[in-house]
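Per-chain residue numbering starts at 1, and chain names A, B, C, D and E are given in the order in which the chains are listed.
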Amino acid sequence: MDTTNLVQAMVSGLLLGLPYGLIAMGLSIIWGVMNIVNFAHGEFLMVSMYITLGLYTFWHFSPVMSIPVSAVILFGTGWLVYRYIVSKVMSGPMLAQVVVTFGLSAFLQGLFLFLFTGNYRTVKVSGILSQSTNIHGVYVSYPQVIASLITIVVTLFLSWFMKNTMTGRAIMATEIDRETAKLMGIDTEKVNALSFGIGLACVGIAGAILSSYYYISPYVGLLFGLMSFVIVALGGFGSITGAVIAAIIIGEVESLGGVLVGPAYKYALVFSLYLIVIFIKPRGFFGW
Amino acid sequence: MEKGKHLYYVVLVVLAIVFPIVFNVPFVQHVAIMVFMYGMLAESWNVIGGYSGLFSFGQAAFFGIGAYTSTLLYMQLGLTPWIGMIAGGLVAIAAGIAIGYPCSKLKGHYFAIATIAFAWIINILFTNWSFVGAATGLSPELAPADSWYAFQFRSSKLPYYYIGLFLMLLTVYVVNKVIKSKTGFYLRALGENEEVAASLGVNIAKYRLISISIASFFTAVAGSFYAQYVLYIDPPSVLAHFLSVEIVLIAMFGGSGTIWGPIWGALILVPLSQYARAIWGGMGSGLDIMVYGFVIMVFSIFRPRGVVSFFIRK
Amino acid sequence: MSELLKVEGLTKRFGGLVANDDISFTVNKGEIIGLIGPNGAGKTTLFNCITGFHKPTSGKVFFDGRDITALPPHRVSKIGIARTFQITQVFPKMTALENVMIGAFAMTNSVSEAKDMAAETLSFVGLGKKMDVSGESLPPPEQRRLEIAMALSTNPSLLMLDEAMAGLNAVEIDESLEILRKLNKKGITLIIVEHVMRAVMNICKRIIVLENGRKIFDGEKEKAVNDPAVIKAYLGDVYHAEG
Amino acid sequence: MTLLSLKLIWGMFIMLRVNGIQVGYGNMAVIRDVSFRVDKGEIVTIVGSNGAGKSTILKSIVGLVGLKKGNIEFMGEDMGKYQPHERIERGIVLVPEGGKVFGRLTIKDNLYLGSYKYRKEDKSVIEERIEEVMEIFPVLKERYHSRADTMSGGERQMLAMARGLMGNPELLMLDEPSLGLAPKIVDKIFEVIQVIHSKGVPILLVEQQIHRALEIADRGYVLQDGVIVLEGSGQELLNSELVKKAYLGM
Amino acid sequence: MSKGKRVLGLVVALSLVLFALYGVAFATKVIKVGAVYPLTGDIAPTGKLCKEGVELAVDIINGKYDLDLIMARTEGIPSLGGAKIKIIFADSQGSPRTGMAEAERLITSEHVVAMVGGYQSAVVKTASYAAERLKIPYVLSDATSPALTRRGFKYFFRVNPDDVISARNFFEFVQDMEKKFNRKLRRVALLYENTEWGSKVAAQQRKWAKEFGFKIVADIPYYHGATDVTSEVLKLKSSKPDVLMHAPYVSDAILFTKTFKKLNFNVPLWMGMSGYLDPNYIKSVGKDGEYVVVRSTFNPDLARIKPLIGKVNELYKKKYGRDMSGIAARSFNAPLVLADAINRAGSLDPDAIRKVLLETDIPGDKILMAWKGVKFNKIHQNIYARYILVQIQGGKYHTVWPWNVASTKVVFPVPAWNKR
């Protein structure tokens, strides 16, 4: 394996990992605040990809332009899903929440299969989104760079938001101690809905930008959802930066490991890494 | 009350025995066999997830290990799958301990994801390991005729039906026995509060492993049963992540932490998915999956504690 | 009196924080020791180190002459040390009887025997009528007593109670003290962490005071209330007014 | 004077009125029939064993626990229809037991959260308030940017109270402010309670250190088995046989 | 017993009985034939194409068409009084277990007299096992795993060529290319999705590579459904192959094509199968899919040498609005062969159908494919079946090999990405 390929693998790993981070961040927020596993997370990614496809098909929105639209729609979806579905089982046993979100994921898959068939679709991008550049033999595709940059921006924004706004503090407070948060006059139900919305908005952003270089089908969310579970657990539940750092690590392991050990084993490496880390640090890198 | 309850069970079992004779339709029998298999799987999961508070999302690994062990023993050594079934169970226990031991400090979601990771690793290893047929999977040579030794029945599904029924009832019986014993009390204690349990002399690590072993064993036995029933196994069909999820789903849907809950779950969800597919699946429109998901969702909103909550009086 | 528990130079660090700093003391058979000190002084950490929930950073713990340092909790329980927790912890979904049975299984493998033993212990702490009530539906003071019953059911020779009196009124405290005295008469040695000074003063002969992880006093209770270090760190000048 | 205007004037003095409330978890009633009131400028204390339902009363006033019977009036308005956050916006503040602060957040963030109801106002409103509160709790100033979980038990209690004041309470409820604190720190807490009181904030105090609580209280109620068995001025209660015997151990 | 318990018990019991009755209720009037395809799941789009091919074949069997095709000029099955064929489709969800259960259901509850189709080899394996057990003829024309016909099944027949033939054809083609362009193309990279089908394809390719003296420079299985394939492509890239042989499903074909481009992986001869033949592929990757050489059994441009192909393609176009794909065409064969057998047998008895199937000898001009005909050997494999190779040029598939049926010249080597 020559150096160029190794560097290529590392760069690709980074560009692969960062967008994972965006998806995982959304999951992490939901997980942290409500302590529930959103099994339908990957399916919401799929929904946002179809939204991007729709915007492209009818109004020729480029995926970058559909980011805000998709984020807003997914935010609203998250809010509604919390209000009308998840909140109903919040007081139930933990796994009732698993069952509900799993049911939701099957429902969404079925629904999109029904509406759009199982056909694979792509958003035809042009201009910079369709190009890649070559730096000393290392190829970097612009859409992935854009996706990574957006991830960084969103991470910085969310970290700032959590630390410096009243709403952010309210989310953190709810995450730490729900009852005391209520005593601050925080409407924790609203915070939950908001967090679900923010979590899905992250997915909305990720889905829009992913559409520029990934195919779209009702089943596309499966592995993305699964990877984000692992990433969130690796980074530590509820930690935004933890999710991003874990995502980069996972991306690198997937990419470098695939090259060095063999592509067939790359996911095995990813999962083994999780197990090893978790045996040493049972709460992930940044878990509290 | 006790007596009435026993009578109730006897009637149910008799009904179960007569059922396939009355409805001698292979598809109906197939659905019933799947009910038994999933009932068994969900009941095994119940031991760890329902009672001991260890939410495993990786049961497919043990299912696959059971299926592979008995099939390999039959193909390589000509050993009857009946013994292979036990062997598979034992191998699964070993695997369960191998993963359970290092995981003994993990709780809640972290444990759940560790089991997902474990099952995926097993899946990937099997997919690339040529000794176990790698991606191609294994199909044991077909016996020329029905054979109890080879555990293959071609002329009728009835043997599978009764074996499945028996295995499921056996699982329920054993789980019930365990739960009512000291071990069972300890497992429940783990599930409710590990710290207090430890302070009262419960060896957490040991009982976690006991719990995992029981569940792995019966899950593997179900896997062997499956392998003999379908006579073809490959990683996507016996080691799939989705299978693990289904098991949890059924147990939860029926009501985990109760003896009959998981069986109810299987009794309702398995026919639902099978018939939804049979009725709408041919259109390929996704309607069946939609209906399945919708029913699960709505039901768990109104009955978050599962089907068994119908039986628990306020 | 013979020595039952001996703590030698026990230190426990959590990262940079020193929760227990070189603590040594001995407890003799049949004693009732009061362990007091401000919040965060390291009392609960000390409990956790003795009962195996934490591994001490350095130092040793001996029980009945045997080195039990870093033995896991269930082993510590088996050799005869029982404890309760600062924040009441019971098995929420199990009935009171089942809660106590878990402890009783340390003595027997038979479910029916465990049941009988548990019933007896429950009656002993005055919860005989609440056997079938689930742990979580008992009111807090009764959960406290259930906790004691659970600890007792393991047949300990040393019982360590972490704020078992918090939230009890005077009458209830007296009742609890009565139970503790009875236990002590049976030969059970007691270490109690308590802020309720009237309880401590009432039942303990000897008091150990911790501050910032260090032992600052160990001796007769009468001396404690006049000890300037104890007054400065913990009691303040108001103690006398409280009676 | 008509009856109506009498009621109006009377109402101007009453901050909180609790009428025959019943509260319970599951099948058991923790609070069976409790009525009391807090007037403007008063310190009122409820005496009774912990776990007997004093905390539950405070929680039900702020809305964390639902009522089975009875009602709660605050500044003449029935609180029944309001969620906890709506009650807090109306000026009811509860400082919870055990100095519960948000450990992973800084002292600054904790204080900001205390004035969550002013989130839509200009930041300077909050900053000003922080200045005021700091005067009462100078210790917080030094640690302003450090995490709350690095503080000692006593400091946390101070922070919890300061955070409560950030909400500009019309009624401040303190749940066991001295719980688990060294007697020395307790002195300080009681000093601060009086300082707060001197600023005209009515206080409803639930306290284990009965003697000291009654000393500073204008009025007190004795709660036993879920009902109020005795009420009177702090001094009256201190001298009553019941309190002496059951709570002061005299 | 509580009221809830009783009501629930009743509901469950009742629905179980209803479900059970559902299984028994149907009786036969038309001739029912079962077909199991992946109609949901991530290869559902391909399953749907298969279904379309089957549906068109049934139209032709049941109606009167002026086509030089078996069963076209008659309506229904003449020897059975013009009885109509009806296909009962079922969804395998891509799972062998479901495939088996659905096959059984079709046979025992829907009372189909024979089975066709399957697409994924792993599913056909169990579905055909069920059919064999229940003694129902199974005529397959889409799955390609060689193992399927090597189990000694009595009732199982395959019309289309298998992967042994495919692998051999691939290397024959490469050899022909070497001759034609006078350039050595000995370094071969294998890339395949890692389930039953892909791994079997690779095994055959390895075998034939050895036979023909090619060097395997990369042998890369991958997880179908992966979110990213960078490392796979990097491995390929560093092996510097002359020829790439790729066995993907459609989603992987799309993802790999995009990644090839992204990482500037260029191979002189890019060969693929299956997923590359799915119309979704060209639709999704557009220009980037140009010049892939794809294994097929059919292509509309063969109409030039076999007019029948053009006519059938017209019918297909009328029905579905686009050209008939190789996938649909492949599935089209089985129902015709089966209907012909039923007609000749004049009976629905499985053994009678089996007997005439064994005697089948359909000449090449009576079938859609450019084969010499249909004739089954000992293991029930059609001995005349073979592949053609098509190349994507200008967004369409053009036949390029064997040379004698080629409609267009093969473009070689594949130009650099920035020159496409």
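Everything below uses one rule, namely that a residue touches a chain if its C-beta (ideal position, glycine included) is under 8 Å from a C-beta of that chain, and two chains touch if they have at least 3 such contacts.
The structure displayed is predicted, hence computed values, not measured ones.
Visitor: Which other chains touch chain C while also touching chain E?
Guide: Shared contacts of chain C and chain E: B.
Visitor: From the mean C-alpha coordinate of chain B to that of chain D, what's the distance rounded to whole Å?
Guide: Centre separation, chain B to chain D: 54 Å.
Visitor: Per the centroid of Cα atoms for each chain, what is the distance between chain A and chain C, given in Å?
Guide: It comes to 47 Å between the two C-alpha centres.
Visitor: At what distance in angstrom does the C-alpha mean of chain E lie from that of chain A?
Guide: Here the centre of chain E sits 36 Å away from the centre of chain A.
Visitor: Mind checking the centre-to-centre distance between chain D and chain E? Centres are C-alpha means, answer in whole Å.
Guide: 76
Visitor: Could you list which residues of chain E touch at least two other chains?
Guide: In chain E, 40, 44, 47-48, 194, 221, 223 touch at least two other chains.
Visitor: Which of the chains touch, listed as pairs?
Guide: Touch list across chains, by label: A-B, A-D, A-E, B-C, B-E, C-D.
Visitor: Contact residues on chain C for chain D in the complex?
Guide: Residues of chain C touching chain D: 37-40, 137, 139-141, 144, 163, 166-172, 195, 198, 232-239, 241-243.
Visitor: Given the complex with chain B, which residues does chain A contribute to the contact?
Guide: 31, 37, 39, 85, 88-89, 91-96, 98-100, 102-114, 118, 218, 226, 229-230, 233, 237, 264-265, 267-268, 271-272, 274-275, 278-279, 282-284, 287
Visitor: Going by the contact rule set out above, which residues of chain D touch chain A in the complex?
Guide: Those residues of chain D that touch chain A are 62, 64, 83-85, 88-89, 93-96, 100-105, 109, 112-114, 116-117, 119, 163, 167.
Visitor: Within their complex, state which residues of chain B touch chain E.
Guide: Within the complex, chain B touches chain E at residues 4, 8, 23, 25-28, 30-31, 34, 124, 127-128, 134-137, 139, 142, 154-155, 226, 230-232, 234-237, 267-268, 271, 274-275, 277-279, 281-284, 286, 288-289, 307, 310-311, 313.
Visitor: Would you pull the chain E residues touching chain A in the complex into a rising list?
Guide: My answer: residues 40-45, 47-48, 194, 220-223, 225-232, 234-235, 237-238, 250-251, 254-255, 258, 261-264, 278, 280-281, 283-286.
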